[in-house]
Structure formats: structure tokens, C-alpha cells
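Each chain gets a letter, A, B, C and D, in the order it is written, and its residues are counted from 1.
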């Protein structure tokens, strides 16, 4: 019976601190809508869903419009390019959370054809040159796994004739 | 001055073991839409929303905020309540106080769980104190099993008495299209099902389900305009105890007795067996359906088995219990107790379909959480 | 435009992988004393309410019934009786490890002599027929103790 | 709305690494609130606790504090969310006609878990969670969106941090009283552009409790009830890409409703002191705008004007605010407790002279998706 589950016991001023852990694994159902979105990414296509009532194209797609509460069924392919609305460059390190090594950037990108922003990583970029309004393009993961990181990141679009 | 409050709409999902076709928000949305449809309301009519579940089943922090796409809380007030298995009772009470206080006129309570998304027992065992009890908590079945073992010894009850409760609830579920387990069973089936913890067997215990339930509460002014026969809330009550699992006295069930006593007093009930027409009880094990009737003052100590054998709590009996099939047939944990309230309301409103008990004037719903947290609600067809 | 082409109605699931959350739980002023009692004195400490006389184990600061601070420590020794037990046969995921627990395992509620509440622990017997509610039990301590509840290795029937 | 009053408050000192466990912290503040109200637990007929299964590291976290909160034998319930929300539920129960007096507790030991990882659990597991966003990085997206749109400068945000840490020196409960300059903030390590270390709030442990009572009960118990004049909460869209990150409509909606209940048409004239949930320095500027203290995009100019400093016309966060003590889930209720002390004239060195009407504000979720606004007054009418 060596099921000792407390890693470390620290005694300080006659009081104890136990270092413990919770490791419960989860499997979340993506549902039909998100599944379709991820299947699109396999083909390097980004799908949104349109609310005809509110005339909003949601990317990523969702089943119900939060504004009018109608079920959404009108799938729309949007561009893999878009405009950077806001971003941040992260300097601290949180290896268990961060898919990239600091410094790296997060951004909210409005893809051409979409009305909502997609929150994602910005990569393959000179971080010092990130600006609101700049154009970005999706970089797809080579071997899709059916999750949000099947878009690896968004990268700046190099203007054809700059410099 | 308290405002009178009634339930005016109920919606739930078709509960099942695993819903792969919807994520959590979408599951919630199904129940919400059905409740709105039931009350013939639109989302615009809802002034505030309350949602609840148990975090460690799905690992979503700030569920109230996350839920917006499903719950409809965009630019509305929403808050989250949670008390474990009793969450649904806590939700119903919270919706009631939202209206009774005068702050809101029409309020929706939503309970949900996707138990398929984690290992239910792993998640549940994190409710035990991490330093002293977590490693020794393999579930609530042990105390319940010991409780029934002692009860059998003291009052001459049998395992078959508990099996009768299981048979009643499971077979009632055949009349409920929303129930998760809908299969005809016999006492022999229960007795022959695998022993989990003597004397509790597999068919004596509840399943784990994916599901959601939404219940709409409305003020005195609004309720009669929404539905001709609202289910009026006459009383709610809660009692709970203990910090550690080892604290509770489950032979005396003081929290259930306190809850029952309080809710009867608030609703003016002196003889529950005679005055209540139907009960939707949160019975996690069939054995609870034997013993707890006594702690709820439905009959005196040791008398429950004979009432069960006589069919007093069957559909055609004097006090039908769990026409819906109860927790033994459906258990999306954060929704389970709200389903009890919703089902009790449907009975009062006369909208329970094939599971309708005739002429229900007073209904009672209970909730049970793993910290022996009991909640109870009394609904009536007449105004308080 | 209709649904994205190809691959039919595949339904995906997202996995958390081996996610974990580390906590540094402070045992506080009462539980620490209890754990030090196990570690240093191989004894189980309870605490008594000055008003109602109820003896709580594990010890804590406040008696919920009387809402008074408790400070009378009681040495409960190491023996008591089985109040309830469960032989866990289905291997659920241990939330501490993310791996299935070893079964069978007997979880036991021990009513220690002189206590009004139960202490939870394991029993070294997993054959249900050999365990009785009401049976006398005794705590078996580990040799190497560090101030956790596992300083008691298990309880055994006397 | 019928009248209810706050008649007792209790707070711990906020600090990192408190040695008391959850129950011991809650017992401390419940005892303090009861003593403050001159009551015993027997005088209380129902209890609302506030817990979070992630921060507390256990599910059904309310179990751990049941005895300490006084729940035994009483009608009890439990909210998961900011303390302003659980307090609102406590107020509803108080006004429901079922109870006379309600105690509401909240506690959090942020130092015991991994705050960034626990906050990441607020993101949708089906979509964005894998990005690894947390409170700092998501708020940085909001901060930049807001600052870029209106030309708010990092120095203007830094002024909030300077003001609030300085105010905290007058608050014995505060975790981080500091004498700092705008330069100090600007020179502090960059965490997630534009948020620097001194733009963020500390990791604090603590607890808070308040006692509410019906008008009748309040008059019977105390000569100095603090009346609740208005409360409202409101929630925005979930996904960041679906919100206007530069302006909080949810706060505007909540504030307007609370103001309407309280009969407030001109906050500058009618509110004497405000305690707002400034988890990051930029937030206080955005909340000025949502609360109608200034127009859209004018938060930067308002902090520069000094009108929200101690001695200004409407001091904001005399306590030092959340930047000086951030015990998640407690921080909103602490705002209410501080407002009560101000209105009683018991706020010590942080007292705003003659304060009669106070605003308290709480937030919940990612980038303050939910806001809750309270208006309190020492005057009956």
C-alpha cells in the first residue's frame, strides 16, 4: 500500500504544507459544428457559419447565434487571410500552457469574409513589426489532429514588392 | 414583502450515456429551447439566468460565462451556483429567490452535465479533502450500503424491498421519453445484477448521463399570462452538514429530517402521505427509496417496506414516487435535481404526458448532494 | 453553400492529454497538529467542543453546531471499530495520478474510541466476507513517517 | 425594491501564502462580521458561501467551509463566481420574505494553485483553450485594443497603479502598499505587451464576509445600517473575437440599471466614492467609461485630471483596489466591504470625508465578461 499521493511535505513554523496534484483526464465532444470546422482544416479550408437574421459570419463557427438565438446552418468558407485587430507579445514563460516559446504573440484576426475575430497565435513573424491592421495568413499544421492547433498560427503576409 | 412565484416552463434533453454530436453549450441550448417552447416564450422574455453543474466533470472554469452561446445569457444577468449532486435543487431555489425578491420577473434555471467527458468517479473523489480523505473515497456507496445493512437487521427489511424501488423507478421510466435507461426490469433482474457493495447491486444504483434541464420561473403578475396552470412554489428548504465524509451520522439522517421538517412547515403540510400527491425524489440508490421515506416523515420508522410492498408509492398508489423514472434511470449530475423540480412542476401543470399522475394538486421534489446536502421544494396548483 | 465537403459526419473529440494541476495545500493550524501527531507520536488526535462535548476527528477549529472555537485536544489513541466500509472493485481513475487505482481496495470509516466522528482510511482486508461492521480495528503506522495521512499505512482488524 | 441593509462586514488581511486553511480563513471573517454587527450566529437564518472548484482544488468546494461559514442547521447555498454576485444572491434571499438576515462568505487562496493554468480552464476546451491564454495574456489583448483605439498611453495606465498602490498604504488589509512612480511602472518587467508587472494585481489569499438584513431586522440590530440602493449584473459575449474589447457594454448596462434603481442620474454629483475591480491598471480606465464617469476613450484624461484620487471629487479605490490585493472571488466582495466602511465613516486613514453614497463593482470571467454594480448609501432616502 504505497499509494502515497502527496509529493512533498514542507514544515514551516510547526505547520505543514502538502504539495498535491489533480490529474483527471478529459475528453470533450467537439459536436457536429466544431467537428466540421476541424474537418475543413484538414483540407486547409476555414469554414464559418452565417446567421441570416443578424447577417454575421462567425469564425470559428457555432451552432447557435448568441444574439438572436437561432440555430445556424449556413456554412461559409472564409479566406485564410485577414486583418490583425489586436495582439500581445508574451514575454513570460509558462511551458505547460504555451504552445510556443516566449517571446511569442497572440492576436485576434478578422478573416476576410468573417465578421468575428479568431483568437490565435502569431508566428513566423518579426514581433517588433506587428501592427494593428496588418495582414496575416493562416499556417496549417502538416498533420492535422482535429483540434484548434491544426491552424499552427497566423503569419504576416509579405508584400510582394517591398524592399 | 415576498412575491409569489411559479414555474411556467420546463425543458430537457433526451438524456443518454454520451452525446458526441453536441458540445456542452449546444447540449444546454437544447434544454433551454425546449423550456422556452414549453412556456411559449422567447429569449427576450427572460430577465435573468442561473446555471449550475460540477466543475470537475468537464473542467470548465466560469461556466456561467462560457455558457452564453447555449444559455442565451448574452447581455443578460447570469450567475452560477453549485453544491454537488444537489446543484439542481440549489438552482431551483436560486431562481425562486431571484423572482421572490422582486428583482426579476422571469428567470431561467439551467442544470447540465456531460458525465461522458471525464471519469465520473475520479472527478467526484476530488470532492474529498485532498489532505485527509481523497485517497479513501471510492464513492458514496459504502455508507449507503452499510446504512441499508443495518436497516435490514433492525427492521426486517429485505434486499427485495430495495429491488422493488428499483423496479418501480426503472419501469416508470418507460413512460418518460426523456429518460436515459428505459428497459423493463423485474425484481429478479435486480437481485441477479452484479453486486457492487453488499447489499447494493448494479440495478440498485444510478447511471451517469449526459443531459441538461431548464426550468422557467415567473412572478405572480407574469405567470398566469404565460401559462393557464402554473406550478406555484410554496416552499423551499435546505439543510446540510459536515466538512469531512467521516462526520455524517447517516443512521439518523439529520439533514434530510431537518429539510423535510422545514419545507413541510413552510408549506403548511402536516401529513405528507395524505397531503402530497406526487414526489420526485433524488434517490441515488434504491435503498434510499426505502429508508429515506421515513426520514421524510412519510411513514414511521420501519414502516416503509410494508408500504412499498403494498404499492403505495407506485403509479397507481396513494403517493406515486418518481413517475419520471427518477435518478435510477437518468443522472446528468448537475441537472439531476433540477429534473426532479421540472418533473414535479409538469405533474402540477398536468403536462407530464404518459407519466402523468391524475389530479395533482401538491408535488414535492428533493435534491441530494454528496455532502448530505438535502434540498426540497413544494409546488402546488394553487397560489400560496 | 452547404456543409464542408467530404469525410461525412465524423464527430471529433478533444483530449486534455496528461493535464495536471499542482496545488500547495496549506494544512492550516489544526490539521497540521493532527498530522504531526501521526508523524511524531504515532497517535491520532481529536478535538473536543467546549460547549457540546462532541469530539471531532480530524480536528478543526470550529464546532459547526455550537459555532465556538475548539482548543481541547484529545488523544484518541489508535483503536476503534468499523462504522462502514466499501470494497472498491471497479478501478476508477485516481485523480492524483490519472491512472486506474489498484483494486480491490477497502475504504473504511473508523469510529475511533472516544470520537464522535469517523476517520477514513484503508483496511488491509479485501474479502468482504472477512470484514464486519462493528469489528475492532487498529491503525498500523509506517516506519518512515512524514506528516501525511499515509503515515498510517492502513487499519487492520484486531 | 424593498429595503435591505448591510449590517456587518469582516475581512482578513490579504497576503500571499496564508497559513490558515479555507475553513480557518472563513471562520475568521464570519466571526469578525458577526462581531461587527453585534450578532451571534443564532441571529442569522441563512448562509451563502462562495467557492470555486478550480481555485480551491476540489469539487463541491463548499463542503470544506460548511461549519466555518455557520451553515450547520441553516438554509445554505453556494455561488461560484465573484463575491459581488454571491452578495447579490444573498440580497435576494434577504428580500424574499423567507429570511431576516443572511451571511455571505467568500475565500480564495490563489497562492495554492497555478493561477495561470487555472484561469486557462475558462477558455473553451473545444476551441481556444489549447492556445494557452490566461488572465494576463487575454487581458493584454483587451488592453491593446482599448488603448490603440482611443490613444490611451501606457503612462496613463501606470497612473492607476501609482494611485492605487499609494492608497493601499492607508489600508491595513491591503497586500501591496507601494510608493511607486509612473517611471517605476514603465520600467517594471514586460509580461504581455502592453501589460507590465506593476500593471498587474498580486497573488493574494484572503476571505471576506458580509451580513445583510431586512429593513426591520437592520433597524433592530444596528444604528448604522448601510442601505442597498441598487444592484445589477450583466454578461457580454463569450468569445473575445465576438466582443467589442474597447468598451464594456455589459458594464454600461449593469451600471445604468443599478443607477436607475438608486435614482442616480449624475454619478459625479451623487456618488462620493467608488471601489472598482481593477485586476489590471487599464481596467480602471475602462470601468470609468462603462460606469459613465467619463465618455468613451476619456479614461486616460480622467486619471490625469486627479479627480479620482484621494481628495478628488470622486475618489476611486481608496482601499488600494484590486491592484493592491487580489484574492480572486473575494476581491468583489472586498469592494462592498470597503464601501460599507467608507459610508460608516470607519475607513480610517483611507476615509473619504463625509461619504454618503458609494459604488462597488465586481467582474467575472475572461476580460471581465460579467460585471456587477452595487450602489450603497448611509442615508435612507
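FYI, contacts are C-beta pairs under 8 Å (C-beta built on N, C-alpha and C of every residue); 3 or more make two chains touch, one makes a residue touch a chain.
The structure displayed is predicted, hence computed values, not measured ones.
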item	value
Identity of the chain that, by mean CA position, is farthest from subunit C	A
Mean-CA-position distance for subunit B and subunit A (Å)	38
CA centroid of subunit B to CA centroid of subunit D, Å	34
Centre-of-Cα separation between subunit C and subunit A, whole angstrom	40
Multi-partner residues of subunit D (each touching 2 or more other chains)	19, 23, 54, 57, 66-68, 71-73, 117-118, 125-126, 237-238
Sites on subunit C at which at least two other chains make contact	11, 13-14, 16, 19, 21-29, 31, 35, 60, 64, 93-96, 101, 122, 148, 150
Set of subunit A residues in contact with two or more other chains	3, 5-6, 15, 18, 20, 22, 24-32, 34, 66, 147
Touch-based graph of the chains, sorted into line, ring, star, complete or other	complete
In the complex with subunit D, residue positions of subunit B that touch it	1-3, 23, 54-69, 73-84, 90, 93-94, 96-98, 100-103, 123-124, 126-130, 134, 237-243, 258, 262, 266, 369-371
Residues of subunit A touching subunit C in the complex	1, 3-6, 9, 11, 14-32, 34-36, 38-40, 42-43, 45, 47, 74-77, 146-147
Residues of subunit D touching subunit A in the complex	19, 57, 116-117, 120, 125-134, 136-137, 140-145, 148, 189-195, 237-242, 245
Touching residues on subunit B, where the partner in the complex is subunit A	18-26, 29, 33, 42-43, 56, 58-59, 68-70, 72, 74, 114, 116-119, 122-123, 126, 130-131, 134-135
Complex contact set, residues of subunit D against subunit C	17-21, 23-24, 27, 40-41, 54, 57, 66-68, 70-73, 109, 111-114, 117-118, 125-126
